[in-house]
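Multiple structures follow.
Next come two complexes, and both contain subunit A; in the first it sits with subunit B, in the second with subunit C.
Entry: the complex of A and B
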């Protein structure tokens, strides 16, 4: 599904990603953890096509295609979804209008006709129920005045609407209360199919109790410094990152 | 299903076709320049009664004493009134320009507005007459309306058929001395629309006029007079476009509205005159005086305008709230892209007791566009309990454009409550990227964001018009980012 090979990227000339390689197969859930500022969101930004991150080296292949040469909206329509760490407010633009535009763009890309108004509203209702998002939220403007947790739930709702092949969730769990966390996790589990994949960026093991990852990576200083099974998350929760930092330093010294 | 506004558009733009103007249309013009003789010629060509000629002459003589206003926040190149043709009417002429002669940008615009190709060809220079042809839109409903006593016709026809009404009301809201361009219009106006809604009648349909500017070097001076008698209601729509030309064209119109006791008038404009090309060459100078008089108690006048066109816009649709408990509203979206300039806003003059006014102005600047809101709220001494709420928002796309706000407040009555809010925001890359990430292209994203921003105003438009306005907003901002 996704093959990242020796990816290096800078932001305003500063090296942020320093050679990342990663392979995600269909149906897999990868968790990415790592201390603040290590480059997790930057990696997500590169995958989604954010312009301010400049890729200086490496390749990213998605479904056999060169991802880096695609525009952000092409990537989206090809099935890449980014759940933003900080979702953006768009005043005056109703969720209905926003999602209708997005869904129909996806459909057009697949050669399908736009949904009729009633079919669209039906789809919206279905997905709202599926991810247990408050009906009222979906009637408001995009993220406008939403609480932090509501914004995150809204990301999951949008994901459910767009049915991505590869969803990258950037700290969708932070700021959520326990119930919301369960809702978000359930949303992911309901959407999960053998042919779609997830990259879940998180700081907390507790999310991984609900969304069980196949692989856990630790990103530190722009590199993936450790990759293991889900037990790694538990270990990190217990011991923090210091031991990893030490390991890294030792390996550099050695 | 064809949308009503598409219908209006295609009806107007195909009007000549229907009426045999399709080929060989030529304009009959008088020599360029302005003088008392020219005023007399215009009047005589239109077979006008003496009182109207007198009105024109007084206006002309007054205009001679006046100077271009300097106060707008606009850079207006000098206008040579001796280079303008003040009267042009359609007559035969041989087939003009091929499709290739049309500015490709304009062509694209028309494509996007859904006007078929043949009509584009039509618009390329011959369509000129559509302004006079705006009658065709009106005549569609003329008889149905007449059954209810509603008069809806061209200004010239009204002068002939309803001279008393015209004489009583013309100039009663915008006197010929009002301002430089109003005086000019009063001297040389060519045609326009006239509308009278009798007592107690709710006009059952939207009345609309679609203005199209005349051929090269010709000034456009139309006049609209709209009278809503006691307890009547009308919603009136005005649309305008112009072909692209390298030289600037002057458009100086007057709209007068009179609302008698308990009457309500909604006046909506989607102004899409040619804005000039990307480098600021050409475009319409749109200097318009629009004013409504809430004459009777409980009357109401609402102005809604979507201003996307013109190289320069100078326009302040205003309400004089003379009747007690009368209401004035102004909802505006003004777009300036590339080199466009707009100085627009409103005046709300509170004279009667318990008068209320609402102002919602949404400026959108892109490219090197300069957008100014200028608004006056004036509460006279006897206007007890006057209320005004003003909200002026500016949205910037990019960093070469500008937004300016000039609110004026003159309050002579202690009981008045006047509120003013202003905001300035930018379309963020973050917002656009968020849309991109959901599969929405940057152009569509700007369209969504801008329409979201302007929603409050667009919602005031009649449904079919709103859809067009949304499209227009998006089209007018294309290429403004990235």
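Entry: the complex of A and C
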């Protein structure tokens, strides 16, 4: 589904991603962990098409296509979804109007007619229930005045509305209380199908109790320095990152 | 007359040549103000960029021009206006049409609505209700600096009159459709007076339109009295063509515990200047001043707001926004004046602008003059581009860049529109603004009025 090959990227001339390779197959869940500032969000931004990150080397192939040549909206319509670490507040733009436009753009891309107003509202209701989001939130402006946790739930709600093939969730679990965490995880599990995939960026092993990853990667200083099964998350929880940093330094010295 | 600009001289002459004719048709009380106002005008003259309050607005383009008509009323003009017919369409309002500053009906110049509300021609009202007029006319339009207000007092002979008696709640708004239509370049001045007595509730919508493609200049003054515990809203929808210049001066006088709002929605127009004066003249009064403009090409939109906190425990709030495309320009000048006695004042001001091109330009200036100690005041102004993070957020959900930009601009504008309390008007404004942003709107006359 997604093949990243030796990806290097800079922000304002500073090297942030220093050669990342990663393969995600349909139906897989990959977790990416790693210390603050290691480049996790930057990787997500490159995949979603953020312009201020400049790709200097490497390729990204998504469903056989060159992802890097596509605009952010094309990527979205081809099934990529980014759950933002810091969702943006957009005063004056209602959630309803936002989602209606987005859903209909997706439908147009698939050659489908726009949803009627009543069908759309039905879809909204269904998905709201599915991710247990407060009904009132959907009547407000996009993320405006939402609490940290509400914003994160809203990302999952949007994901449920758009049914992506590859969802990249950037710390969607941060700032959630225990119940919200369970809801978010359930949301992911309900959407999960054999043909769609997830990249879950997180700092906490507890999310991975609910969303069980097939693979766990550790990103450190712009590189994936360790890849293993879900037990790696437990090990990190216990021991922190120091031992990995040491391993990396030793391998450079060696 | 010493050292007057040529332009000012022209208007002095206009007054001298026509004052007899103007006075003949007008109620005596309106006439009693003319000479003094003319004196003040001849001192102050037509504002130039040297006047602080007009620093970024060049009026000379319109005031230097020689108009073929100055709408000095003649009996024949009233008859001509009488031939004009206009229905205000689908909004549920009490409608009034003002044509080139006149009330275009001879037979029914004043109409009584249920519960004793009167709407109609100011000139007719000044003859019929001298005691009401004498209490309010000329009492609120105070300015030491703006000669145009005095020019209006000296020469205007008609306009809209509304009287809402004590305790009356008019659930339907009054909608004034202010039309300019002439076959020659024209200058018109009209004068409105709105009286909302104690505990009354009333809202008025004023729609400005130009119907023929000539050069037009309008200089209008509106005086509004909002009595104790009364509620009042005025919403202006300005949609004129690029060769039209509209200057409005709105003076809102508020008594104790009254709540009033003004909302200037400028969709289109060549040069627009709206001066809004809020006088908080009694404890516990609350005023809101809103404005939104969308400008492109060479358009220029200037909003000037003066909030005068004259009594304790009043609240004022200003929210003005502008979207500027092409090489359009805009100005916001918001003054908050808190007098020494006005303790417990709350005063807020916000002015946000989006420049869509490098050539568009916005000047924004808060002016705070606070002479009381116990005052909470905040103000903020921004001039910038569309928020790149928000744009990306929308795009990342599959919305193309053009549409995402439109949504952001619309959202930006909607923050002002959402303050309109009349729901059908709010929805209509949303639509008109969306059309305007899409570049589909040349004028909204066709959807507001049906003329024939």
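Please note the rule applied: the second predicted complex is superposed on the first by the 254 of 254 C-alpha atoms of A that agree within 3 Å, B and C clash if a C-alpha of one lies under 4 Å from a C-alpha of the other, contacts with A are read in each partner's own complex, and residues count from 1 in each chain.
The definition used in the following text is that a residue touches a chain if its C-beta (ideal position, glycine included) is under 8 Å from a C-beta of that chain, and two chains touch if they have at least 3 such contacts.
Since we're looking at a predicted model, the values are computed, not measured.
J.: Of the partners subunit B and subunit C, which touch A:235 in the superposed model: first, second, both, neither?
T.: Neither subunit B nor subunit C is touched by A:235.
J.: Touching A:221, do we find subunit B (first), subunit C (second), both, or neither?
T.: So A:221 meets neither subunit B nor subunit C here.
J.: I'd like to know which partner A:132 touches here: subunit B for first, subunit C for second, both or neither.
T.: neither
J.: Of the partners subunit B and subunit C, which touch A:162 in the superposed model: first, second, both, neither?
T.: both
J.: Common interface residues of subunit A with subunit B and subunit C?
T.: 48-51, 71-73, 76-77, 81-82, 84, 87-93, 97-98, 101-102, 105-106, 109, 141-142, 158, 162
J.: Would you pull the subunit A residues touching subunit B in the complex into a rising list?
T.: On the subunit A side, the touching residues are 48-51, 71-73, 76-77, 81-82, 84, 87-94, 97-99, 101-102, 105-106, 109, 141-142, 158, 162.
J.: Contact residues on subunit B for subunit A in the complex?
T.: 428-431, 433-442, 444, 448-449, 451-456
J.: Okay, in this complex, where on subunit C does subunit A touch?
T.: 387, 389-390, 392-401, 403-404, 407-408, 410-415, 418
J.: Please name which positions on subunit A make contact with subunit C in the complex.
T.: Residue list for subunit A touching subunit C: 48-51, 71-73, 75-77, 81-82, 84, 87-93, 97-98, 101-102, 105-106, 109, 141-142, 158, 162.
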